[in-house]
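Starting off with a structure, shown below.
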Amino acid sequence: MGSDMNETERQKIVIKLSGSVFNFNTQSVVLKEYADLFMSLNEKVQLIIITGGGKIARHYIELARALNGDEATLDTLGIDVSRINARLLLTAIGRLGYPQIPKSLDEVSMALEFNKIVVVGGLHPGQSTNATSALISEKIGANTFINATDVSGIYDKDPAVNSDAKMFTELSVGKCMELLGQKNSQAGTYELMDLVALKVIQRSRIRTIVMNSDINSLKDIILKGSNFGTRITF
Amino acid sequence: MGSDMNETERQKIVIKLSGSVFNFNTQSVVLKEYADLFMSLNEKVQLIIITGGGKIARHYIELARALNGDEATLDTLGIDVSRINARLLLTAIGRLGYPQIPKSLDEVSMALEFNKIVVVGGLHPGQSTNATSALISEKIGANTFINATDVSGIYDKDPAVNSDAKMFTELSVGKCMELLGQKNSQAGTYELMDLVALKVIQRSRIRTIVMNSDINSLKDIILKGSNFGTRITF
Amino acid sequence: MGSDMNETERQKIVIKLSGSVFNFNTQSVVLKEYADLFMSLNEKVQLIIITGGGKIARHYIELARALNGDEATLDTLGIDVSRINARLLLTAIGRLGYPQIPKSLDEVSMALEFNKIVVVGGLHPGQSTNATSALISEKIGANTFINATDVSGIYDKDPAVNSDAKMFTELSVGKCMELLGQKNSQAGTYELMDLVALKVIQRSRIRTIVMNSDINSLKDIILKGSNFGTRITF
Amino acid sequence: MGSDMNETERQKIVIKLSGSVFNFNTQSVVLKEYADLFMSLNEKVQLIIITGGGKIARHYIELARALNGDEATLDTLGIDVSRINARLLLTAIGRLGYPQIPKSLDEVSMALEFNKIVVVGGLHPGQSTNATSALISEKIGANTFINATDVSGIYDKDPAVNSDAKMFTELSVGKCMELLGQKNSQAGTYELMDLVALKVIQRSRIRTIVMNSDINSLKDIILKGSNFGTRITF
Amino acid sequence: MGSDMNETERQKIVIKLSGSVFNFNTQSVVLKEYADLFMSLNEKVQLIIITGGGKIARHYIELARALNGDEATLDTLGIDVSRINARLLLTAIGRLGYPQIPKSLDEVSMALEFNKIVVVGGLHPGQSTNATSALISEKIGANTFINATDVSGIYDKDPAVNSDAKMFTELSVGKCMELLGQKNSQAGTYELMDLVALKVIQRSRIRTIVMNSDINSLKDIILKGSNFGTRITF
Amino acid sequence: MGSDMNETERQKIVIKLSGSVFNFNTQSVVLKEYADLFMSLNEKVQLIIITGGGKIARHYIELARALNGDEATLDTLGIDVSRINARLLLTAIGRLGYPQIPKSLDEVSMALEFNKIVVVGGLHPGQSTNATSALISEKIGANTFINATDVSGIYDKDPAVNSDAKMFTELSVGKCMELLGQKNSQAGTYELMDLVALKVIQRSRIRTIVMNSDINSLKDIILKGSNFGTRITF
């Protein structure tokens, strides 16, 4: 399994990849671009990608809610779709990817032994993929956790409805909790970073960046070290 | 559980429910109607429903194929979606349903011990949900296997392109194989009844009906004993 | 599996039993008393008991923290001990208990099919046993969730240090979140009701009581319907 | 896990080893010879060996059929015996073999990560070991699939009953299907290459050779590149 | 399930059925007779049958030993064959049997919840099927453990070589240990009752009978309460 | 992974580490010392450490016995605690340890593929951790099995009660069995080396040393090759 020296040298980066990348009209070329970026990094960086559920997840969750499904079942549907998204991305990555989709923190730990790109969906009901990503970052001692989401960073107001919303380049985790405290936690609901994720980031002081998931921003931040999005401070 | 007398009395009906029932624009009320039909039957009949993958499955399969995924991975994506569809239907059925989605023939056997409606998706790569349904029918000794599909039955030509296509009310399993012999077996491809399914039906002489999956036809055939679709003969 | 009528009639009560019941100096007679209470209820009530980890869990967690274990490992040690506590209680319950300790929400659902007392420990790292109990309550549609803890209810200040602390008989879930917002979330830390638990209780409006875990209070509230502790309102 | 360069260089050969190699009167020296051949190849070739069930499988299948077992149970008995044969061969291979018998395509993929000889039995009821071998070949992108069977290749008639039967050195997959179309599919029945196997070979254009399983022929074809048996063409 | 009253009333009998019942030349009618006997008892008695491996197990074990397999692998081969024998007997029992072969003590406990005949093979390497049977007897609180073996009971000398060997009708467990103390424990070796089995019988004072496995003796002892074989005393 | 040459060169040492190392008052620095010793050996030696249950195991076992738990449940509680101890030691070892606690011999074999320190607790009810350690030694072909226990070696009498007890520096396995023959086998009872362990050691002639588990003795014997404790001879 390579030398241990090698293992300790490789940086570990956890990327939560927004479910919006996987959609009813997603093009395979876009997925290929993400895969190519990740594959080009594999020599130097241990990557763990967590894929969100996106609109297909929400499609199932809404149907299940209309059928009076309990929230845990709704979560499970979201997790199931996020795992399909994970498998799709893994297909694009091919032989440089760890060949299974881990289903628990323990399986993520095992997967790291293989020095390949690890792709994960959600893990358990009651845990958003953001929280899962934070827990994985904590478990494996990630150097950086990139939350690649649908907006460019964390804003003081919802940028979708407020034209004067201002994005923070830095934001303390405490401030972050305040801003997000009022959101509710129905399965599949829009949430930049939920409270569990923030608490985990806080307790283990995980270096965290919230940024846009578009491929060019990701390339710039990872390959060129550009500054993007909102950095969470402690 | 209950008494064994009870068990031997209840007929066992396996229904393969077309993936087209589960779609991007599926309405929850439609799923509720299917669920209500199945729930109304549970007292008298042991139902095993196998859900197909439908268009969402094909969406993922096409993306994976464009990304050079192997056929087994394509099959797996289809199975994963079919299991999500199964869970969605199970949600509509609620407490009358067996609470898990079985993932192997063995788990289907176990599920039958609970006298509840069993909902299953695909089982293994390399096996269509039709073949899976036939194998389940064989394994549990089903009294009838209803293949509820997108057309009204088996035609002498493809009814979608030939306006003069004629539907058979009865068709021998041998004739059926001949008609379908030329189809190819790429994952997710349209196939009324693939050859594995037909061979299983043949070797265990399973009473099989190919018919339309619309709710009214299903109600009529199950509740009123109407004649529908194509009956396969031996 | 009894009749479905029976199933719908039996109330479902989820009891989180404080880890303090299971301790270095716990007497078997005390466990027997809890077991006897639960066994006496089994005819009328579907009970799901979630056992905490208690001091033995904290013993392991502190050692692991001193050894630089990551938080997920610390959580796992706590879960492992809580499951041993669950097995011990199950031993006292004997044949009226479901013979396994479920390890996921799905397994809890399965366990309910057997009409026996279900005993569970923690489920996943990153989830307190309180949060787990709330998620189980939600998943199974519990009629009541009793959080049997080390204090008599929720106070305006910490009763251990403030002699003038006042217990609420009722407290809105929002107020509850405010009171507990400032607590941190290190594994094994004292927390009456963490935020995940409260969010779950809120989103599914679960009838919740926080009370002391002593056997007499439990008997009174369950057998006589006495009022105890703090009721969470919406 | 070695370098990726290494992985991409090593050819992948899938060998279906006839169940007739494992028999009531099989000598350990014969198994040792096969093991030695496979071990000598491990440096240059990634080998995946699928072992058939043979006469011991048929012994159990016949008893089970006489006891009215369903076909899936019969298949399962055959799979169980083929896995015991796999473990026996693995024992002969020793530390150069992957230490477990994979039970699904996913487990086969994982096993390949270890650069050892992978030995597999059957995988699922309703799937012959030939079909399983073809599916494995497809899943892992095998360079060659050798079906080492009881006859020297594919004949125009059954060579056991027709002294004038002629072996094909090449045969198109379509022709092959025609020849085998009439065979039935009872569990354990003699079948050179069943239709599922052929369809898989066809859809993924897998280079396939049907030949005799005797150790000398295998040595010649693998070590010397001799021509043997029947090559399937597209 | 059913009523608990029912459960406590039914006697639990564990029968270790000699592997010699399952052999190269076993007739299906013989298996049917055993199955019929067990099925006729199911109303009144909870039966757990543990099947031995017999000559087919020894065939594989000898081959593996000649190939330098470690003892644990040899044990595993024996267990695998004993489980195939279990599945074969289960096939003969049909719907009155629990549909799976339990693979651990925990699974045996679960199986008992279904009020069906439970058929088990070996469980773990390093544990003979005799020891397994004793452990199962202990775990479930069996009323009687019948060790149906190849000889009529326990003799003072090996009856196969000593024509004057005398069978005990009763034998203390201590005496029994002395008699068997000198036997070695190579996998698959002939052993009436190994030391682990005897220690378990002793510590839990399990009522144990060692007798011949022929169908008529079994019928007489179970149906008529005849005295047979050797009863172990404490 | 790595080269096979490497694998065959590394000695394999199995150490059963007494449960007394893990206790109510265990200090993390002590565990760190053990971990440091094991980590310093990893380059040259393949270590497999089996941790006992110790006093916390006995605490649970005694409570369960007082609650009329069956012996298998008592064993399971002991195994559960031994696995928590294993995880704690693994935490101290960190990234040089195999990241999971194997739960069967098969999983131990898999774990060895990773060239890391493998930490294991108990495996199955009915098997002491001593017997488990011997079986693991046998399965993997260990060069040495060190039973690091609470006394300095095997004595002719119990040294705790007899001041004139004499320790053997060498003892034949047969003699060893005689000495230990009279001990009983209740779960958690004090036993230097139980009979199953001894039989396994005997049948596979495993080089075995019984010695004190204190860190200095272990260092001396492993690092300096000092003579300690009792060597078992054949």
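When the chains are written out, they are named A, B, C, D, E and F in that same order, and each has its own residue count from 1.
What we mean here is this: a residue touches a chain if its C-beta (ideal position, glycine included) is under 8 Å from a C-beta of that chain, and two chains touch if they have at least 3 such contacts.
From a predicted model like this one, the values you see are computed outputs, not experimental measurements.
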Per the touch definition, the chains contacting both subunit B and subunit E are C, D
Overlap of the subunit A and subunit D neighbour lists contains B, F
When each step joins two chains that touch, the fewest steps from subunit C to subunit D total 2
By C-beta contact count, D-E versus A-F, the higher one is D-E
Greatest centre-to-centre gap (Cα means) from subunit C is with chain D
In whole angstrom, the CA-centroid distance of subunit B from subunit D equals 31
Chain-centre distance (mean CA atoms) for subunit C and subunit F, in whole Å, is 36
For the pair subunit B and subunit C, the C-alpha centroid-to-centroid distance in angstrom is 42
Rounded to the nearest Å, the gap separating the Cα centres of subunit A and subunit E is 53
Among all residues of subunit E, those touching at least two other chains are 1, 73, 76
In contact, pair by pair, are chains A-B, A-C, A-D, A-F, B-C, B-D, B-E, C-E, C-F, D-E, D-F, E-F
Within the complex, subunit A is touched by subunit B residues 24, 26, 28, 31-32, 35, 56, 59-60, 63-64, 66-69, 73, 76-77, 80-81, 83-84, 87-88, 91-92, 94
The subunit F residues in contact with subunit A across the complex are 1-2, 95-96, 99-100, 114-115
Residue positions on subunit E within touch of subunit C in the complex are 1, 4, 7-8, 106, 109-110, 112-113
Note: in the complex, subunit A contacts subunit C through residues 70-73, 76, 104-105, 123-127, 131, 135, 138-141, 181, 184-186, 195-196, 199-200, 202-204
